[in-house]
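Right after this note come the structures.
Both of the next two complexes hold subunit A, though its partner changes from subunit B to subunit C.
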Partner chain A sequence: MKRITIIILACLLATMAAMAQDGLNINRLFDGRYKKTAGATEIIVTGSQAHEIGLTIYHSVSLTDKTQAEIIENAVARDGARAIDKEVEFRNGQLYYGFYTMPKNKRSNRYIFFLNQNLARKAPKNVVTLIYMEGSASADKIKKLIRK
Partner chain B sequence: MKKFSLFIITAIMAAASMSALSPDTVTVIESPNQVIITETGTGTRVKVVGQKDNDGYSYTYTVQHASNDTVHTTSDWELNFPFKKNKRKRYHWTMETKGLYFGGALKTSCDLVNNSFNWGILNIASINYDTWHGQHFSLGVGYDNKRFSLKRPHCFVMDEATGIVGTSTYPDDVKDRSSVLSIRAIQFPLLFQQDLGIDFHIVLGASMNWNVYAKCNTHYKVNKTHYDVSYRGIKQNKLTFDVIGALSYNGLAIYGRYSPSNMFKKGYGPEIKNTWTLGVAIAL
Partner chain C sequence: MKKSLYISSQAQLETLIGQYFEGMTTLEQEDAIRQCLAHCPWSSQAIDDARMVMGYFAAHAEQQHNRANRATRGLRQRFIGIAASIAVILAVGGYVLWHQSQPNDVCIAYVNGKVVEDNDKVMALVVSDMSKMDNAANAMTNQLSSLGEALELDNE
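This part shows the complex of A and B:
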């Protein structure tokens, strides 16, 4: 009996660790910490409006605080390491943009998009944007959606 | 012993799962003399030259982009927020068409008038000024049509020689009687609108009417013969003025109109003035 208990505990522990990995590093950036940050814009869309474009969750945050760029970039890079597909561009050693297709969550596709407009060539803007999207939409559709 | 083995296996499984996370730190070099970071199309190279007590120290670390990375070095990414509300440009000055209305007279100075019908478009085209604080001013051009019908047994008659319109009574034993004065005007309303909320607003203003066309039409039937008599060349007042008020909800309005001016020139017809009209308007 004790052996079974130990085996169950072992399995639980391993599962918990695996679950911890499954959580995205960017999640902590969406915990509402930027709600009172000057120049920050946070958009959360769920429901019918999101469904219209094949998403169940759309969550974006845009910041004008340069110091946050590195924090966000680090979190994105960590998640990006686990992406099943990614499109990135580095400029001056910094991540300019990254579009990451993450492993599916149940049946939903998951995407992370990062853009540091400080590194734009034509019209640099002091804006760093992070978007998390989840839904049935394909990566191509999402890219078309978020690119002018 | 078996228990101990299971415990070890458990610990290893957990540790293995946790270790799947990439380590944060590659190496720590204290007090380097020089750090050179080189960005290439395929990766980033960090070179450290010299250390506090070792000038000959050299360390190079290269990070290659993962082979499945698609690296772009092309144009800027023009970001589009799919759910961000597009800020519509606002202008103080605009042009618009508004105010299709239908109404009937509640009261007029002429006791012989039975009822009247009034319809038109307040602004076929107007220039509007929006203060952006809930007030709007407009000056436009529109169309107005007023019809006054007489009580039975009275009907309009006109002396064609003088153009004077009077009233008379129908012959005996007539049926299907109607006698109507119709006046068409091009109107120039000057309006003030005050918003009372998102959907509510009131409109107040005045209109100058250029009465371009007027006719009297008397229709009746005797036995089986229809008579339709039209009088044109009526001496209507070319310019009249109305006061307008409306209460609008989401574009649907109740409007009131007061016409103090006489419809006929003095001496050329019965006095039809001080007309109060009430009706509905859409897109106002």
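This part shows the complex of A and C:
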């Protein structure tokens, strides 16, 4: 009986650890903190509307607050370290653009986009955008999607 | 093939019945007595007693057999019931888990602290997001192609 209890506990701990690893650093930025912030735009699309573009979750935040840019960049960089595929561009030592393909969550593909328009050469804007996408769509399909 | 015992007279039957009650008969003889008691027209005190006793045992054996069958059937039905219950629980549980894992229909945006719930407006914002990313990705591609062009020019 003792052995069975130990095995069950070990399985539970392993599951919890796996679930903890599954979480992304950017998740905390989507906790609703920017919903009422001036100069911020947060978009949440799930279900049928997201399904139309081959996704199950579309979540983004765009901020004009420069102080937040660093926080977002740090979170993205930490998640980016675990990405299975990435396209990134740094400008002046700062992350300008990043497209990360993250390890799958269950069966869903996960992608993170980051863009700091402050670093744009043509018409820079004081806007930092973070997008999280999840769904069956492949990375190529996502790229096609943004080129529509 | 084994030849079965044939009882040809009432006297032979009564003798065998006597041996049966003394426990002296073989299985073959007992079968023959049973067959004969079921079909022969003979009657006497010994034959009638034997008919009653063997009939009771036969009925009892059949009853036992039926009871065992009922018990087996009952067990089987119980097993099927349990299996069906487990299947239903698994199906319902699976559906609930699947349903929970499916995000609800949400299409909402918060712009400068204001809620936008119009699907078209929200999707327009999504398109705008993607267009920004596209421009940045294009800038990267352009940079790469201009690098390539520069290298080609340098090598000429």
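Keep in mind that, in the parts below, the second predicted complex is superposed on the first by the 129 of 148 C-alpha atoms of A that agree within 3 Å, B and C clash if a C-alpha of one lies under 4 Å from a C-alpha of the other, contacts with A are read in each partner's own complex, and residues count from 1 in each chain.
Here is the rule we use: contacts are C-beta pairs under 8 Å (C-beta built on N, C-alpha and C of every residue); 3 or more make two chains touch, one makes a residue touch a chain.
Every value quoted in this text rests on a predicted model; they were computed, and no experiment measured them.
When the two complexes are overlaid on their common chain A, residue A:Arg78 makes contact with subunit B while staying clear of subunit C.
In the superposition on chain A, contact of A:Leu115 is made with both subunit B and subunit C.
In the overlay built on the shared chain, the residue A:Tyr97 is in contact with subunit B and with subunit C. When the shared chain is aligned, subunit C comes close enough to touch A:Lys106, but subunit B does not. Judged by the touch definition given at the top, the superposed model places A:Thr56 against subunit C, while subunit B stays out of reach.
Once the two complexes are laid over each other on the shared chain, residue contacts for A:Thr129 go to subunit B and to subunit C alike. When the two structures are aligned on the shared chain, A:Ser48 is found in touch with subunit C, with no touch to subunit B. By the touch criterion defined above, A:Lys86 lies against subunit B but remains apart from subunit C after alignment on the C-alpha atoms of chain A.
Looking at the shared chain after the overlay, A:Gly39 reaches subunit C, while subunit B stays out of its contact range.
Shared interface residues of subunit A, touching subunit B in one complex and subunit C in the other, are 41, 43, 45, 49-50, 53, 58, 60, 87, 89, 96-97, 115, 117, 120-122, 129, 145-148.
Residues 34-50, 53, 56-58, 60, 62, 87, 89, 96-97, 99, 106, 113, 115, 117, 120-122, 127, 129, 131, 143, 145-148 of subunit A touch subunit C in their complex.
By the touch criterion given at the top, residues 2-3, 6-7, 9-10, 13-14, 17-18, 20-21, 41, 43, 45, 49-50, 53, 58, 60, 78, 81, 85-90, 92-93, 96-97, 115, 117, 120-123, 129, 145-148 of subunit A touch subunit B in their complex.
Listing the residues of subunit B that touch subunit A in their complex gives 2-3, 6-7, 9-10, 13-14, 17-18, 20-22, 37, 39, 44, 65-66, 68-84.
The part of subunit C that touches subunit A in the complex is made up of residues 101-113, 119, 122-123, 125-127, 129-134, 136-137, 139-140, 143.
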